[in-house]
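Each structure below is given as structure tokens.
There are two complexes below, and they share chain A, which is joined by chain B in the first and by chain C in the second.
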Partner chain A sequence: MTTPEIPQRSWSQRWHVKGVGWTALLVALLVGSSKMTGVDVGMFFSNFDQFTNLLVRMSQPAWSYVPIIIQPLYETIQMAILGTTIGTVFAVPFAVLAASNLVHNQWLRGIIRLILDLVRTLPDLLLAAIFVAIFGIGSTAGVITLAIFSFGMISKLFYEVIETIDMGPLEAMESVGASKVTIIWYAVLPQIMNQFVSYFLYTLEINVRASTVLGYLGAGGIGVFLQRSLSEFDYNKTAVIILATLVVVMVIDGVSNHLRRVLL
Partner chain B sequence: MDQQPIISFKNVNKIYNNGTVGLKDINFDIPRGEFLVVVGLSGAGKSTLLRTINRMHEISSGEITIENEPISDYKGQSLRLLRRKIGMIFQDFNLIKRSTVQRNVLSGRVSYYPTWKSVLNLFSAADKDRAIRALERVNLTEKLYTRADELSGGQQQRVAIARTLMQDPKVILADEPVASLDPLTTQTVMDILKRLNQEDGITVIVNLHSVALARQYADRIVGLRAGAVVYDKEIADVTEADLTKIYQTA
Partner chain C sequence: MNMQTTMTNKPEKPVHLNPWRRWSWLIWLVLVAGVYTWAITGLHFTGLQESAGSVSKSIVHGLVNPDWAYVYNGSGEDLVSLIIQTLAIALLGTFVSALISVPFAFWAARGEHEWGHLRSGSGKIVLTLIRTFPEIVLAIMFIKAVGPGSYAGVLAVSIHSIGMLGKLFSEAIENMDRGAEEAIVSAGGNSPQVFMLATIPTIMPEFISYTLYRFEIAVRSASILGMVGAGGIGTPMIFAIQTRAWSRVGIILLGIVVMVLLIDTLSEQLRKRLI
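Our next item is the complex of A and B:
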């Protein structure tokens, strides 16, 4: 040991064994699972003309349909906003309790996370079916379904954001003699606010799209009209509905981008 | 000293959960109004010692008394009231970066309000005025409405001191308050701490890495090594040779 030696990379480091291994494993999983579930990728390409055929039939949107769908579209947006907001209100306290840097009690955190996992496991179509059965056809069932779906999604997104914050300001607020709620309000909230807003809007966007599907089950909004146009093979109306939904999603996206820039 | 010590350590030990010895049989008193500097190698236990005083760390055995009251039983509101009279300054300032200087300074006052008032920002006019005067003490009034992350490191540390002043503290704990500052800013921040000590009679306990700074500002220097007090002298008795010995390894 007279001359300083440059450390040698090990054999596995040099040939990137880890990276190659993971890639191979992923490819194997992908191929294996498509084999097992019987997905035929070839069929997608051989039947592609079906798809183009559909596009052609949708290519002349029935613009006269626009005034008719304004009202249900409006209802869809209302449902999405209401559902997302209700879900978020409940998600915030759960997200705080699930964050490992704020709650040191492993039991409490474990139970909260179990509840959240459970909620996220419930398929939203199942929820919609149940609530349509309880509340009857209409937007109430839709709003509750979206609220539960948003709750599950937002609470997870939120607690993951909370776990990345800088703990320094919390330490300072604790040393000042602040109560727990005050600490969260002063030291946590400002650090997560803009990510919260952007996740809220992202969920809202998903909910606008989801509510079109929920309409199928009679949960109100534009989905009812989408289902009707499809079952009547009236694809020019379908095109209008899709375009209108696209506009709404784009508007939300624009608002989201703007708010993120302002809040940063 | 004819008066009672403000802080007193009696046989204090601290062992971390993973078995690391944080503090070993600490015994000493801190008289009211003293400017105490704690020195020692990295890992000697300086931060641990400081944080046991405001119960940010719990001790394993022994007793710490503040104004003759044992502090280990405090819980909830009484613990918050203890912390209210002990200000703390950090190496990384720990300001709320996205908030204004005003909000940061006012946040030092929240323990005087019920939670709902702090949350709704219902600070009295007197306390808003107090915030301005706290900023005057650190020469930063003109930054009242600036966002904290737009300030230099030295300015942020001065805001942190102003926040501490809002507590109306009897003791200020400073954990390497100048470690991330340049030499000139270092002097400014240390001068402010010294002034609070002399003009307001606040007891100041500072962890420092710089021996030169320790000698310049301290009334008394305590040296730690492996969690134990290995040195404790009034500044008049401190010699250069002593200090180099504290910083010798093994």
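Our next item is the complex of A and C:
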């Protein structure tokens, strides 16, 4: 019987080269970042009374402001619904073209995915700023911003769903000579419909959150009032707006979560 | 023997116990139609500018002919310096937020104990409140405290990210494998030992992976926080849009797209190696 060999640690393992290296890199990046951003913990605390002053004023919400912001809150939800819907309508064909189990042409798929990746890199407020410049101040810019934002998000979620479907029904229909459109209608759609609707609602939740701040740059909805109250230093109005936004977001989340649970 | 080979009676129709079920699609249709009518009639698309066409044309022209001179000019106010500053805001903000999120996550994670529901429920509500508080309002509040600049951006990112990171972390804790913890307990370890030897090593890869994912999002938000004065690439962006300097807008957009794509790819590679 041979004596069992004790496993030897290599030199790099014994000195934890990897761990030390990653830690050193992280520390260097953090130190560099704090130098660059001028982080000064002391300054935050020396100005803390200003911050608490602001919080104190926000803790006394001006409830009389509530009736004024109901209409813009509705507008915010309406913007989110329309924007998400328009984005979804455009996302569906792109999702089909980007799915590897439906489109076998690698080039076409690659180009479509590149477009989708590029669209997803753009932050929503940045899009809003540009569309306000094009379409002027108002909810049109907001709807278009949300449409593009949800287009990027939904097309990715959708093609990932499409890629997970069971290929059996598709092959069955293909073998009896069904056309592409017929196959998508009878074999693909029934398998993905519920998940599509669920992701649509999820995107709607995110868009309701996003649309509450888009108005800050002039793209309609409650954000316009948010910007106004902040620039007039009416922090008790800001507090009402934030609380109202919170209620709306929670109601929409609740409804959407309930619907999604029914669906799946 | 008489074997019956054909069916003489049709099978009975399925009985719907609830007659509403047959008509539920109609109710849904009416509901959805109602919601859309409300949404479309509620918005007025009157604010359209006549100049929309010419402005879009000049935007496209600016995007096609970006202002390459802005990429680097050594002033510290150029594209490369500000993109690095944006990344610095995101990195520092995400790191601080990850540290603060850990106690929040343990607060919000549901445990096995009877009283745990109240504790985790309250933690989840707090995290939702933080998540819903708009990030740009946070940024504006911190600008009041520390003045305009990237420091306010770092603070805004670090506080806002707690909402999402705390939620993801707490879900990781709820779903973690308890085997290692039980092993330490059965070997007679006390709770600090269980925490250090079993809990932390088990959930660390997931925590790091979520932090990297959140970093990707923080890069996007750091690039827009500048629009309200909280440092990074957003500040020159909003100035360029306001002054209609479209070739400047073009180069900044290009810079943001390249930055986000690079960070996403890098973070995705790192996350793939982790889990």
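A few comments on the model shown:
To be clear about the criterion, the second predicted complex is superposed on the first by the 205 of 264 C-alpha atoms of A that agree within 3 Å, B and C clash if a C-alpha of one lies under 4 Å from a C-alpha of the other, contacts with A are read in each partner's own complex, and residues count from 1 in each chain.
Rule of thumb we're sticking to: a residue touches a chain if its C-beta (ideal position, glycine included) is under 8 Å from a C-beta of that chain, and two chains touch if they have at least 3 such contacts.
Note that the structure is predicted; figures quoted are calculated from it, not measured.
Once the two structures are overlaid, the count of chain A residues touched is higher for C than for its counterpart among chain B and chain C. In the superposed pair of complexes, A:Val255 makes contact with neither chain B nor chain C. After overlaying the two complexes on the shared chain, residue contacts for A:Trp185 are found with chain B alone; chain C is out of touch.
Once the two complexes are laid over each other on the shared chain, residue contacts for A:Gly168 go to chain B alone; chain C is not touched. By the touch criterion defined above, A:Tyr216 lies against chain C but remains apart from chain B after alignment on the C-alpha atoms of chain A. Of the two partner chains placed by the overlay, only chain B lies in contact with A:Gly177; chain C stays clear of it. Of the two partner chains placed around the shared chain by superposition, neither chain B nor chain C is touched by A:Val92.
For chain A in complex with chain C, the touching residues are 26, 29-30, 32-34, 36-40, 43-44, 47-48, 50-51, 54, 74-75, 77-79, 81-82, 85, 117-118, 121-126, 129-130, 133-140, 143, 209, 212-213, 216-217, 220, 226, 230, 238, 242, 245-246, 249-250. On the side of chain C, the complex with chain A involves touching residues 35-36, 38-40, 42-49, 52, 55-56, 59, 84-85, 87-89, 91-92, 95, 128-129, 132-137, 140-142, 144-146, 149-151, 153-155, 220-221, 223-224, 227-228, 231, 234, 237-238, 241, 244, 249, 253, 256-257, 260-261, 264.
Residues 54, 56, 79-84, 86-88, 90, 92-99, 103, 107-108, 110-111, 115, 118-119, 160, 163-164, 167 of chain B are the ones touching chain A in the complex.
Residues of chain A that touch chain B in their complex: 166, 168-169, 171-179, 181-182, 185-187, 190-191, 193.
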